[in-house]
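Quick heads-up: structures coming right below.
In what comes next, chain A is part of two complexes: it sits with chain B in the first one and with chain C in the second one.
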Partner chain A sequence: MPYKKTELKFNGKINTCEIGAGDAAISIGGENTLLFLGDEGFKPAVGIAITDSPEDWSDCFTDIFGDDLKNPAAWAKAAVEKSGADFLLVKLASADPNGANNSVENCVATVVAVEGAINVPLVVEGCKNAEKDAKLLEEVAKALEGKNVVLFSAVEDNYKTIGAAGGMAYGQKVSAESSVDINLAKQLNILLTQLGVKSKDIIMDVGSAAVGYGFEYVASTMDRIRLAGLGQNDESLQMPIITNISGESWGVKEAVSTLEDAPEWGDQEARGIGMEVATAAACVVGGSNAIIVRHPESAKTIKSLIAGLIG
Partner chain B sequence: MQKVRFKVKGKRSVELIASDNENLLEAARRAGVMIDSPCSGNATCGKCKVKIVAGKVKTTKSRHISDEEAAAGIVLSCNSTIIEDIEVEVPDLASSFVNEMQITDLSKNENKNISYVRKKMIKRGMTNASRLRSEVIQLPEPNIEDSLADEDRLKLYFRHELGYQDISMSLNLIRKLPDAFRFNNFKIEVVYLKRREVAEILDVKPANAEKTVLYGMALDIGTTSVSACLVDMNTNEIVTKISMGNAQVKYGADVINRMVYSEKPGGLENLRHAIVDETINNLIEKMVSALGIFPEDIYEVCAAGNTTMNHLLLGINPNYLRREPFIPAINDIPEMKCSEVGIKINPEGKIYLAPSVASYVGGDITAGVFAVPVWMREEFTMLVDLGTNGEIVFGNKDFLMTCACSAGPAFEGGEISCGTRAVPGAIEAVIINEGDLRPFYNTIGCVSPIGICGSGIIDLICEMKRTGIINGKGRMDRDLNNPRIRFDEYGIGQYFLYCKELDNGSRDVYITEIDIDSFIKAKGAVFSAIYTLMESLDMSIDVLENVYVAGGIGTNLVIENAIALGMLPDIPVEKYYYIGNSSMQGCYLALTLTEGKDQIREISKNMTYMELSIHPTYMDEFIAACFIPHTNMDLFPSLKN
Partner chain C sequence: MSKFMVIGERIHCISPAIRQAFADRNPDPILLRAKEQLAAGADYLDLNIGPAERGGEELMQWGVKLLQENFDNVPIALDTANMKAIEAGIQVYNRSKGKPIVNSADAGDRIEYVDLAAANDAMVIALCSKEGVPANNDERITYCSELLERGMERGMEPTDLLFDPLFIVIKGMQDQLVDVLEAIQMITDMGLLTTGGLSNVSNGAPKHIRPILDCSVLAMAMQCGFSSAIVNPCDKRLRETIVACDIIKNNILYADSVFEF
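On to the complex of A and B.
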């Protein structure tokens, strides 16, 4: 019997979401099939992460960026240049009230400087304290009006402030964060749209884990989200997915153990990159439209993987 | 050694000597003072508040105690230890949930269902008579030629005059025979059970001018509430109905906490004592004294309870029910003497317990299925029993599928800050005004509100969602500036239905975000159980022709609101019937129809149980249902606009 190629047609389509402004703008999403299956060439974007408090980052980043680590704007510029990333994420870790408790004004100043130093779209990550992030991301949205940045991320406890400020008042994009569960992701999307944020202004952060650390949940969650959006035309799950795997990947023992701790495992930096590349690759294949890594080498590798898969 | 005096409003105070650093809640339990403690002393529910009026205790402040309360000496008894002589005031509200006994008639719905089903069953060939009989007999007096023994004399009479092959009786009764026979010249009254060809004698007494009225009792042993009704076995008429909280509540709100408690030293015996003596015997005493009869006039008890309640009633270790693979000690409990169980009716009286199907589908459900004619319907019918455990039965005369989910006591008003059972003063219906968010409500008995019962909670949350006070996750809108909405020092939102300042009230009645969250979990558990059961049979919700909703949620349950909250499937409201306590109705029917008990047994054997905890999609469905109305709006087409 001759081989007959069957094609699965989906009735749904992932929203196209433009991030960044002017020449720097890129668009993510827009596919009407699972990624890499069609020949439309919808390619996931690769982002590079920096932070305003790199104290707990691996030593290899000091080797790469040197003194730039102390200056987020300079670091941002160098990171984009060295990695060729499509966009940049800056994490405002210093704002954490349980840590340095840096003021909202200082953090906003950092973000404005970073934005001015790069010519790629910007994703601004808060400090993961829901209350502080609400104030912080609201001010960031205000200060960068017109720049079309991604506020990363709104959670159940602060979606109203971040959604209203970012998605409605200042025309930014809102990332909606849930913890690896299709229903929780959907519920937050519904709450945001009920608030008045347009679906096209929402990006989903459905969570992640480093490979080997329960990634099966991530894989099946992404899979089901995509199949619901495409197959069942579920409009509340048709937002592009953004995944920041950098923290998870560089936080596991494979990346943290020094050469002295585990000589048989080999070079620490290579291990970190390995974890990051493996995790990012799995997310991209699983349906992430935008993936964020730390190491320039990881970014380059994933970009070439994507290019190779698209062919 | 410290002296502790508990003052309970309206009761005499109780004193006991406590050991050093004894836990206050433990001491109260030891003294027999009822303090509501659904979480069984883990400081998580905040229900066991008491006021220290003299002396001091060592306590840890928690989010359940406001600064104001702390200043007034209010502590959680479970995280307080006794360090000196103290005097403790136990609030009456905490105990009223359990203690308040209510004598009522059956509700309209209950009566309607009973008479409808009864007629149907008789039409199908069941005998409209109880097995319990009594006869006034004149036995021939013995003489030197007729020297039969007393027992033989009675046996002969039963054989020749009443057509029985044999009689049986206990030693205790034989002891009564000689004097009873001779008191009124061998004119006696005999009470017996017809067991096919054998008459089992339950009582022999000298005949009086009037025949004794025989009573039977239908008893529903719920995790949260216990209800009973007394039936005149000659006329099959229900003469009184009564309900109260299950006294085991002080050892934990749900079956799991009770099982955990039963493993503590003396725990099993305490639990047995709580249900048998403090609850059932207490109910019996109240009923007989209200009617002016004697406990000895009750000869038969037909009871139904979930599997755990059955175990605890009989003093059987229930702990293997909660450990995988969830095995009960016994499902089909043989009929036994009430005196063996400790229930105080006639010493020869019998107790029949409706058989269970599995660890989490108990006799209350088999009895309920018997009373709701799922088993004789042609069309697809569902029974949803909204108790502390939610149980679902789906099927028709050809098959019966069942599953159970843990809903918690929220539907009966338990573990809700101002929750109460459906008793006078309970808010049972609520409407919220859109503009100023002012509530309008009805209370049972039209008295000032003491709390909110199940149907009131459903209305309230539905109205809070409609007026935008809460979102789909049950969180209150932080931007609303309204005197009825407050946030405590831990940021937990509260909505006041009735309060001291705004309504000049005698107490506060409110709902918190935590309460709403418990409710959303409860309704999510029920809906996802219904959905998963139907999915596993590859049937859509639309095939349902009748849905019977049972449980102590309150007669004023508004089905539209229950659908709007995503608790019940979105099918036309005409298909729903709220029938109240189905388990007790089943017990009543089993008591008054000769073949009833066998039919319940038959039903229990024909039910197929589905274990949701190992079902691959249940957890997912549960999370999807923990949203108002539901994450998947396609399941609620009528709510889309």
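On to the complex of A and C.
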């Protein structure tokens, strides 16, 4: 019997979202099948992460980037060059009021310098304090008007400020963070849309975990979200998914334990990359349209995986 | 399961405003009702041009084009006793958002509407009746089978027939309503899709009572597998019921704001 390829047809379609401006712009999403199962070749984008506070990052990053770690703009440039990433994420960890409590002005200056140093789209991550992030990402949105950056991320407690500033006043993209909660993912999208943010300007940050640390729940969440968007044509879940797995992957014992702690596990850097690649691969197969990693080797590996799958 | 499909019933020549708009080829009242229904979540719009014995073909084409050009190729149920008008409407119909629905066939004089749907790769609403309301579920299932056979003989997919069990009016035939629910369950168990005009259930009841009856029947019918209905989507209570049932049946994902229409 000849082989007959059957393809599941869906009514729904994931929104196409453009990030970045001018020649640097890329678009994510747009697929009307589960990723890699259609023949349209929709390609997840791979981003590389940097931070303004690398103190708790693994030593291997000092070996790779040297003094650039102290200068986010120089680091950003080097990270994009070394990784070939499609976009860059800068985390403003120093803004955390429970940490360095760096001022909004200083952080905005950092972001502006980073943006000027790279020729790929930018994702700006706050410090994960809802109140501070509201002020911070609002000012970031203002300072980078026209650059079409992603504000990463709005949560239930600050979506009004971030949505109004980013999605409406200054024309940026708003990422909505739902921490592996499908109902909240839908709810935040509805709230942002009701506020007046256009669907095409919203990206979902549905959260993640490192593989081996409850990732099954992430996988089923992504599946539910994608099948609701595609199969049930649920417009409030047709936004592209962006996933930053770098913090989770480099925070688990497989990546943190030194060679002295666990000699039988081998090279620490390779373990970190391994955790990151395994997690990122699972996310892109599960539906992430944009995936963010820390290590240039992870970015290259995921890019080649995607290229290999798409053919 | 896919979510419940709402066919908006409000573009109907029984309404004086719509009848006049058809006669004058005046788009405004029709577009207004289309817009309201789509905003209220209608998936399909029913376009009922009445018997349309004269000029039906041209009128249906005008209506189909009017709705699809203004509302992003919205899918339509073409509703008239004039078969030529339905065929003419399908000729100008854009399928990008869904197949046209022929409204409607039955197992009696109107069985050729199934042929019409088959010949035009359309869906069809198939009334499980021959002459008037079926007496019992033996009749309903017999007619359902006849219609199904007719469609399949002509190459239709079984899911392109939407079987209407014929809801009956509570005032006068209350004792038979459970049969209708049972028929929906039986048809669903055969892997087939169902639809129906819900408002008949509460016909003759006071205006403030009707939504209570309509919504309750709808919820009970959905539990039996009822998969679509021809209703007024602008009825807020009905819409709430559909969404709530779709959530309970896991057809759509819950979020706190889903009832903020």
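Here is the rule we go by: the second predicted complex is superposed on the first by the 308 of 311 C-alpha atoms of A that agree within 3 Å, B and C clash if a C-alpha of one lies under 4 Å from a C-alpha of the other, contacts with A are read in each partner's own complex, and residues count from 1 in each chain.
Note that in this section contacts are C-beta pairs under 8 Å (C-beta built on N, C-alpha and C of every residue); 3 or more make two chains touch, one makes a residue touch a chain.
What you see is a predicted model; the values in this text were computed from it and never measured.
After the match on chain A, would you call chain B and chain C a fit or a clash?
With chain A aligned, chain B runs into chain C, so clash.
For A:Q187 in the superposed arrangement: first (chain B), second (chain C), both or neither?
After superposition on chain A, A:Q187 lies in contact with both partners, chain B and chain C.
Can A:G231 be said to touch chain B (first), chain C (second), both, or neither?
In the superposition, A:G231 touches chain C alone.
Going by the contact rule stated at the top, is it chain B or chain C that touches a larger number of residues on chain A?
Touched residues of chain A are more numerous for C.
Contacts for A:T258 in the overlay, against chain B (first) and chain C (second): which applies, first, second, both or neither?
Touch status of A:T258: no partner.
In the overlaid three-chain picture, which partner chain does A:K160 touch, first (chain B) or second (chain C), both, or neither?
After superposition on chain A, A:K160 lies in contact with chain B alone.
Applying the stated clash rule to the superposed structures, which of 1-9, 577-585 or 631-639 from chain B runs into chain C?
In the superposition, chain C collides with chain B along 631-639.
Where on chain A do the contacts with chain B and the contacts with chain C coincide?
On chain A, the residues that contact chain B in one structure and chain C in the other are 182-184, 186-187, 190-191, 194.
Give the list of chain A residues in touch with chain B in this complex.
Counting only chain A, the residues touching chain B are 156, 160, 181-184, 186-187, 190-191, 194.
Could you list, by residue number, the parts of chain B that touch chain A in their complex?
471-473, 475, 478-479, 620, 623-624, 626-627, 631-632
Within their complex, state which residues of chain A touch chain C.
Per the touch definition, chain A meets chain C at residues 182-184, 186-187, 190-191, 194, 224-225, 228, 231-234, 236-237.
With touch defined as at the start, can you tell me which chain C residues reach chain A in the complex?
Touching chain A from chain C are residues 2-3, 251-258, 260.
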